[in-house]
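Questions regarding the structure given below will be posed in turn.
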Amino acid sequence: MEFSAKQIAELLNGKIIGDSDIKVSTVSKIEEGFAGSLSFLSNPKYIQYLYTTKSSIVLINNSFVPEKEVQSTLIKVEDAYHAFASLLEIYNQQKSHKEGISGDSIIEDSAKIGEHVYIGANSYIGANSLIGDQTKIYPNTYIGDNVKIGNKVIIFSGANIYSDCIIKDGCTLHSGVVVGSDGFGFAPQNASEFKKVPQIGNVIIEESVEIGANTTIDRATLGSTIIRKGVKLDNLIQVAHNVEIGENTVIAAQTGIAGSTKIGKNCMIGGQVAIAGHITIADNVKAGAKAGIAQSVKKEGVILQGIPAIELRNFWRSAAVFKLLPDMKHQIDNLERIIGKEKGE
Amino acid sequence: MEFSAKQIAELLNGKIIGDSDIKVSTVSKIEEGFAGSLSFLSNPKYIQYLYTTKSSIVLINNSFVPEKEVQSTLIKVEDAYHAFASLLEIYNQQKSHKEGISGDSIIEDSAKIGEHVYIGANSYIGANSLIGDQTKIYPNTYIGDNVKIGNKVIIFSGANIYSDCIIKDGCTLHSGVVVGSDGFGFAPQNASEFKKVPQIGNVIIEESVEIGANTTIDRATLGSTIIRKGVKLDNLIQVAHNVEIGENTVIAAQTGIAGSTKIGKNCMIGGQVAIAGHITIADNVKAGAKAGIAQSVKKEGVILQGIPAIELRNFWRSAAVFKLLPDMKHQIDNLERIIGKEKGE
Amino acid sequence: MEFSAKQIAELLNGKIIGDSDIKVSTVSKIEEGFAGSLSFLSNPKYIQYLYTTKSSIVLINNSFVPEKEVQSTLIKVEDAYHAFASLLEIYNQQKSHKEGISGDSIIEDSAKIGEHVYIGANSYIGANSLIGDQTKIYPNTYIGDNVKIGNKVIIFSGANIYSDCIIKDGCTLHSGVVVGSDGFGFAPQNASEFKKVPQIGNVIIEESVEIGANTTIDRATLGSTIIRKGVKLDNLIQVAHNVEIGENTVIAAQTGIAGSTKIGKNCMIGGQVAIAGHITIADNVKAGAKAGIAQSVKKEGVILQGIPAIELRNFWRSAAVFKLLPDMKHQIDNLERIIGKEKGE
């Protein structure tokens, strides 16, 4: 896709200084600009780069007046940063504009497909499944039987959605995501063998959830594993059966949540955190990377760190002393020797 | 699928009290019952819900006599919990009853396919591979060349089985599982570059193993990476080359096992555990979540925790003191000051 | 594939002692030899097995003279270990010799495909993408639009490469790898909701990189996430947006690297390590398994361990004392009691 300075200025309601016919096909940081790219200048720290950048077009604030000659075509707008962010969104929407049902997809007869959808090649839609309007399903994706997918959902290539799961409007699932795999439930059958407990629940993913690449969400044993509205999950996260994650909670990569745990709203959980099963985490809780949360957290808004996790300020105090442990041991042994000597031992 | 009270009573050898024609299509907890669902009552704590539940059918013990009026149709059985568990299994089998070879699957001519199999759309079966009887291979799955898959195996959508691997009877592999990828073996070639060591072994997965979504099991450099009979692996686990996991060992999500390590029988390993390479873990060992096992564990049945892992009771004693470290440091400095003062320093 | 002793001796420029017509179809360790397998003897510790092995062919050093009768056919070579390694490579190349474009792959018209490629069934190649010469793309793989893949690249089944990414010559990507998924970037929109920041950069993977199964590499917000020449990544690793990993750095399984971090050359990072975002790691740094690196590491060549990570020798000293913490606490309390008593408190 190519855009001229003129087209961009019209989109952004901006004023061109320079060549209105110059074209760009991508964006770049101003300090890494090149012919054909568009950049923006907002932070005063970067002003120096305006005079040396190779970017074909630079968005600048109306209020900004260059002090030297500029090679790039400038577009003056009210707020260069916001204008740039708007452009990115338009660019992204154009780039991912896909529509139509590939003749190389396999759709069971009983599935119902909405309007203006994209269903890519080699994808499979199972019996009785529903695909909402303007939803995009990229190639090589598997949608099982009786799955309900809402409107404006994007499912990238190679995702796997097991039967009976529900994905509501506006969600984005990245490649390799697995939704609805069996929960890890096995009952001891005798001294040593295990028998599988049937996992016949499902997964419900509410509106505007984003799920990162290769993240796995198990179906409930009974009932539903639930990801509430607005939750953002990064890559390679494990969500076990019967977990519930509260609205707008954000979780970084490689974190794992064991079975039947309920996480509150607006929590921020770092990467590689482990959260035990059958516990409850209050709203607004934060957990640092690698924390191990073994017990319920009842106090809203606390910040946790460490294994087992304790409040952050205590953790850092203890962690600082951890480095001093060999010295402390030495101090104590020394004190004992002195005291012992004084007592004539 | 719909079942009438009559059909269910016949399956369970139970006695109907109420409407024998009423139909259910799913199951629910008794406290979350709704029209069309079946529940059970076993735990006396839940008796109160029997009189308010909206479930169409409730299984109860023969010995139980309701004290108030009940809206639901009841089916009296010897043991309501076991009857329910049996029903779940029947339900699950029916739900996943798939048979037939999709015309949209690609099967190399030299592959041999057993009887009563399911091979879904867009799946690929490589040259000389064998697929046993009653095995189900869901859509979008890849089976490489010379792979041997036994009877009654279930491989869910999007799994990838590399060439030469062996999967025995009764195994279940979830979506996104990778079996037989190259072990991580690189020999330093000069000061800084690495050269790949060819990985020409395979993976053997014995009977009745279950492997969770997106778990990866690398092929051996030479010989076999072996997952013994009855092992249960959760999601996102890493099993490196030449590892052997003993019978009926259970491992929770996101745990990693480095190369050539041998884990005993009947072990229970928590989530996000790291187990070093080239070590041996005895039978019946347990490891808590996030443990880091750096050395061989020779004592059977020990429980480990911490990084590096130590015996659990010692870990908790030390972890409890960890919180007190800043105070301890203060105590020690104080003692030194007192002692120093007394000595006139 | 079967090879006779004669064929192998010719390949290795070796001398046969025994049956030059005997055939082998695989390799094994000498102590696990069987009819039809080839082994080698290099380490003197294994000499005993030469006289009992069931291997059909054994490679031995020219300098070695058996002291007892040997059942196997021997092939004498200059260096048995190196000869074996060469054979493995030849064997591996033969085994994975795939060529041709499957009629069951979907290739958009505007894609350009090199010579002597393999493109397996059910794979998808997007618009304007380039596939280099001698590159192999296994079945069920997804290549998005505008992707550039070099020569002699191997992409195993079920990998997903998003649009605009670049993969240079000689790389190997294993099954389930995701390259170019959106970075985890969300801007707080109001008190509690998050709005996605468009991720319009790409991923560049330089020459001779190997990426393990189910590893995920996010595209940059702007610019590129970069994996430099010769990097080796194990399975289930997370590489966030705008990360750069330096030449020949090796990273073990399940490690995660947060956004915008830059890792130096020739580093060796263990498994399950977490590396914070927006930091810089110097060249030649080593990090032990499970380390948590929270701050930039400026000193080249240091070895790190622990959470938060400190230098290894300090970590082990502190970790050793960690086990003594309950005793230390007891010692201190005891000392306080003694001192207190002496002072008449």
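Just a few scattered comments:
Note that the chains are named A, B and C in the order they appear, and that numbering of residues resets to 1 at the start of each chain.
Following the convention adopted for this analysis, a contact is a pair of C-beta atoms (placed from the backbone, for glycine too) under 8 Å apart; a residue touches a chain by one contact, two chains touch by 3 or more.
As the structure is a computational prediction, the values presented were derived from the model and not from experiment.
Interface residue usage between chain A and chain C, two copies of one sequence, is largely distinct: under half of the residue numbers at the contact are used by both copies.
Rounded to a multiple of 5, the Cα-based rotation taking chain A onto chain B is 120 degrees. Averaging C-alpha coordinates per chain places the centre of chain A 25 Å away from that of chain C.
Residue positions of chain C with contacts to 2 or more other chains are 122, 140, 158, 176, 214, 236, 254, 272, 306-307, 322, 325, 328, 332, 335, 339. Listed in rising order, the residues of chain C touching chain B in the complex are 26-29, 32, 85, 88-89, 91-92, 95, 102, 104, 120-122, 138-140, 156-158, 172, 174-176, 210, 212-214, 230, 232, 234-236, 247-248, 250, 252-254, 265-266, 271-272, 289-290, 306-307, 319, 322-323, 325-326, 328-329, 332, 335-336, 339. Contact residues of chain A toward chain B in the complex are 106, 122-124, 140-142, 144, 158, 160, 162-163, 176, 178, 181-182, 184, 186, 192-194, 196-200, 214, 216, 218, 222-223, 236, 238, 240, 254, 256, 258, 272, 274, 276, 292, 294, 306-308, 310, 314, 317-318, 320-322, 324-325, 328, 331-332, 335, 338-339.
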